[in-house]
Amino acid sequence: MLFYFFGALAVIASLLVIAQRNPVYSVLLLITSFGALSGLYVLLDAPFAAAIQIIVYAGAIMVLFLFVVMLLNTPHEDTDADEKTHPMLRPGPMRFGAAMAVALLGELAWALSRSGPSSTFSNTPVTSLSAIGYTLFTDYAFQFEVTSVLILVAMVGAVLMARREDQPGEKR
Amino acid sequence: MFSVISNNSFVIAQVGIAAVVWFLLQISAAVMVYFERKVCAWLQQRVGPNRVGKAGLLQPIADVVKLLFKEELRPAAADPWLFALAPIISATAAFAAFAVVPFGGSTTLFGLLSEPLPLHVADVNVAVLVVFAITSMGVYGIVLAGWSSNSKYSLLGALRSSAQMISYELSYGMALAAVLVLANSMSLRDIVNAQSGSLLGIPQFRWFVFLNPLGFLLFFIAGIAETNRAPFDFPEAEQELVAGYHTEYSSMSFGMFFLAEYINMVTVSAVTTDLFLGGWWFPGVPESLGWLVFLFKISVLLFFYLWMRWSLPRYRYDQLMSFGWKVMLPASVLNVIATAAAVLYFGL
Amino acid sequence: MPSLNDYLILSAVLFTIGTAGVFVRRNLITILLSIEIMLNAVNLSFVAFGRAFGTVEGQIIVFFVMTVAAAEAAVGLAIVIALFRHRESLNPDAFTALKW
Amino acid sequence: MMLLLIPLFPFLGFLINACIGKRLSKSASGLVAVAVMVASFAVAVTSVIQLAGLPEESRAIVNRIFTWITAGTFTVDFTLRLDPLSALMILVITGIGSLIHIYSTSYMHDEPDSEYARYFSYLNLFASFMLILVLGSNFLVMFVGWEGVGLCSYLLIGFYYTKKSAADAGKKAFIVNRIGDFGFILGVLMLFVKFGSVDFQEIAHQASMLSPEVVFGTVSMATLLLFVGATGKSAQLPLYIWLPDAMEGPTPVSALIHAATMVTAGVYMIGRNAVLFSVAPDTLMVVAVVGAATAFFAGTIGLVQNDIKRVLAYSTVSQLGYMFLAMGVGAYTAGIFHLYTHAFFKALLFLGSGAVIHALSGEQDIRKMGGLKDKLPITYWTFLIGSLAIAGVPGLAGFFSKDEILFKTYAGGHTVLWVVGMLTSLMTATYMFRLVFLTFWGESRTPAAAHAAHGHGHDAHGHGGHGSHLHDAPKPMAFALIALTVGSVLAGYIGLPHALGGSNRLEKWLEPSLTAPHMVASAGEATRSMEPTDVAAPVATEHGGAGEHAESTGVELGLMGLSSVVALSGIGIAWFFFVADPRRAESVAQSFSGLRTVLLNKYYVDEAYDAAIVQPLKIMSERVLWKVVDANGIDGAVNGAAESVGGLGELLRRLQTGSVRAYAASLLLGAVLVLGYYLSR
């Protein structure tokens, strides 16, 4: 049913994201996985989350990524050609990190198994936007403002960093 | 959340409506093509298509046939998957957006149904957001088309259009927010019904275009930019980049972009109607005939589109951008604030 | 009807995929994408919890996470562009110099 | 707090001249310096008068300024104590000091403003430290002054620091003094170990309880070490070598520091601890012998020196030897008495020589002088009187003091030492008058050209400008000279011995300081404690009744006659050789050329020290300490530390790959471990 459909979609898409050598495909697959997630949000009676998932993530952030990919136009990431001589830069850490990731998965599964079986969602969902908005602008008003400041800072920083120097490539 | 009443006849009717809407949208594209050329001709003191059928009425069919029988070309360097995917995305987004747009009150189809059936494909309590989301998806079709066809014209066109769409999405959303404040809901149906009140003593005349004219203006302009129509048609600026993002496309895949463009126009017009022009409400017209009113209003807006395209010159790209960021966005933000203040003050 | 645990397991899987992606990819942009995957996995668990406890906080946290993610993406991509200007590469191992 | 003002005034002057002296005009800074000295003198006089008003048993003013050191039971107060002995000293220091300051104002007048201010700031600082030295009521306070004056003497000897010889002389003085000070501080420590205190009164009190050490013991060792310090400060054998070189400093400095005050610090120190030294006969013996030897030794060198100031310098050393001789034979009063008179006439002589040098714009070689008698009358007469005084001509200050020393020595049974003393006084008269005759008598041997030539580089700078016309001492100098002349004539009369119907008021005056404290009531005990040693006998006589005096009067008178005869004959010898017929001197010099060169080269002592100590030290420092210890040992340690840190950094650097994924991996590892920990418990 829908949950498993969306779940499978999300997992497969994500796997393909990191299995791709071509960043453009990665971005698109990630968008797919986001779509699946927003579907899951819908199933969780969180239409607002679903909507902004699409609007903000898929509609804005991912477009940004796609932009950068196209701008730099490096479709295929360089292969093992430039493995560094430095021991720490050999594929070792990658494998180690991957192993760690798997270990993390195992631990999370363990934790869930310890928490015992959980019931299906019984209590009434909160779908009304007004409720969310109300909480957001009363209890979390301060955090909201801080976030806005954060975004402003990020914007300035991004503009500053992406600005081309007078003579590009001069700093080597 | 899909408010579908589980009843066979209703299900059938619902599906029927969906099918009708889908069909009508395609027809509308054809009609739009015809009228585009006719209006263009009238504005240029010409006759326009008049050979195929009576007054060239069959011209769109001829066009479609031509498209269908053209050869499907794909550049060797193009990325096959994305090249194929791009037009589909565009078309899908265009069609999907209309799904949550109500286009009339409820009808019993002359007593065929036991209960009134609301005229829409699907009603979502966050319909506005859904429309917004889907239109924002539309950009991918363009971007991918431009990138996958691996041609500089296409890429430039794609980058331009996506940048343009993202920039104008902001003011688009802001103008929309003002309406949400007025209607105090995100469901398009609620919004429409919120405009059925009386204004200046005239019933069913409480349209937001009167309450919030600036919002309407902003929304309309942003909508034009969203649909990449003249004078903001940079993605396909013939004089600069052959045909923009669909330079490399031919035959039916090109037709899909073509389709998507016109359906987008229809969708935006429909949304504008719902948001500002009182939807299917018109003084003195019963709700049962609302869909006719709705059709009429959409047509008026669409005529505006054509009118502008053939009378206004294209902007320069930097002008477009600075206009979007330095005029539209501040104006729309101000509009939201002012509207909210007014709502609080007058208790509208 | 899926239970909370199902969502949590899904979230865990996605998170792990993201984590692994950070390590197995040799392309800065892909790594950023993997981080996005991780963020979304966490979002999913938040929403699921919110649904389970019948509170709005779940979605509100998602909202905040998204804003932060937007900021992160903007800055991260700006950095990527700047780096790419200096070395014609997106390989994180090409930027191991501790000072420029 | 009155006593505090005495050293405080000069210190104030030092501060003013040191801080804003550069911006002051010469007259201003000079005025400041003189003013503070005079003020200090005034305070000293008033406090001494106040002291004199006190009853003899408790004749002391004590000012405890603050608690300096507190360590467990051991506390040292910064205390100033005015008793008869220190009273005498402060009068000498502030009085003569003021005169010399006045003299300096015109003597140094050709210095640039900043140098002028620097000079006076040093001079004030010296006065301040010297006063602390004499007023200190315990060893530590005294040591502060002791070191301070050493510093000032270093600064002032090297005043013309651009001149290598001056700089070297300063260093030499400082280093040699350090050697002495080392002994001094060791002695102080030993005393502290022995008596558990560094306070003069306390030590004297406990020492008076002890019976004199017949065999060499702790007290003897401590006192001997103190005496080492004294030899350093007071230029006795074997540490006298710095004093002649100290003449590189400005002449007034030589007068104040290296004749009148600082060099007598050692004598004062022994006098201050008279009771203590009396308990250590062996040390006293050493002191006496060293003193006599120094006196004779320096005298012989003085005979042949040609630099006017060096002659005076050696005579100073010789006179200091006299003082130590006195101390050694237990004639503390006599020693102090000679110290006091010597301060006057030796300062006078130095200032006189300064006037001559001033007039001759820097000329110091007596072979280039002569015939100045008419040109510089004031200088001549004052200098002459000073010479008479030091030569011990009856009626003048030097006569009484020196004579008393010789008498006490003789009375003490030290015949050998007495003979040496006699010979020394003979030589004293001879070289002094050789100086007088060569400088002032005869025809002028001053090459007119020499003025400009020698004008620079010597301490009376820039007198070349004055051309060749000679001018007598300017008013301030003349004033100082005359005042000191009066002093050197009359100073002796406060210590007029009984033999001449005087009642040796000085002896009475000094008695409380030289005997054990709180013991005037039971003076008998103190006396008894000193009886067994013949050395202490004179001390005993000082306390004993007039009976002994009656017996010794005859002897004393005889000795007086003898010594005056010796003095006159010395003058005669000088006249015979240098006035009657200078060629005789030449011939003698020829016949004794070997001896003469030895004397001219001061017995090659400097060379000997250089060969025996300096060179080995240099070689040691260079070959071993520098090339081996420093280069390998210390540098090795330092570099080794640096390299080890660097190596460690190299290791840690392997972790700082700069590879984002490496960092992320470690991060993730941490996360996994923490999560695992919390799950597994």
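For reference, chains read A, B, C and D in written order, and residue numbers begin at 1 within each chain.
As a convention for this text, a residue touches a chain if its C-beta (ideal position, glycine included) is under 8 Å from a C-beta of that chain, and two chains touch if they have at least 3 such contacts.
The shown structure was predicted, so the numbers you read here are calculated from the model rather than taken from an experiment.
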| When A-C is set beside A-D, which has more C-beta pairs in contact? | A-C
| request: Round to the nearest whole Å and give the separation of the Cα centres of subunit A and subunit C. | output: 4
| note | Note: subunit B sits from subunit A at a C-alpha centroid distance in Å of 30
| At what distance in angstrom does the C-alpha mean of subunit D lie from that of subunit A? | 90
| Two or more partner chains touched - positions in subunit A | 45, 48, 52, 60, 84, 86, 89, 93-94, 96-97, 100-101, 104
| request: Mind pulling the residue numbers of subunit C that touch at least two other chains? | output: 19, 22-23, 93, 96
| task | Please give all chain pairs that are in touch with each other. | result | A-B, A-C, A-D, C-D
| In the complex with subunit B, residue positions of subunit A that touch it | 24-25, 28, 31, 42, 45, 47-48, 51-52, 54-55, 58-60, 63, 66-67, 70, 127, 129
| Along subunit A, where are the residues that touch subunit D in the complex? | 84, 86-89, 93-94, 96-97, 100-101, 103-104, 107, 110-111, 114
| said: Could you list, by residue number, the parts of subunit D that touch subunit C in their complex? | reply: 656-661, 664-665, 668
| Contact set on subunit C toward subunit A in their complex | 1-10, 12-27, 29-30, 32-34, 36-37, 40, 43-44, 47-48, 50-60, 62-64, 66-75, 77-82, 84-86, 89-91, 93-94, 96, 100
| said: Quick check: in the complex, which residue numbers of subunit A touch subunit C? | reply: 3-4, 7, 10-11, 14-15, 17-18, 20, 23, 26-27, 30, 33-34, 37, 40-41, 43-46, 48-49, 52-53, 56-57, 60-61, 64-65, 68-69, 71-72, 74, 77-79, 82-84, 86, 89, 93-94, 96-98, 100-102, 104-105, 108-109, 112, 115, 117-121, 123-126, 131-132, 135-136, 140, 143, 147, 150-151, 153-155, 157-162, 164-165, 168-169, 171-172
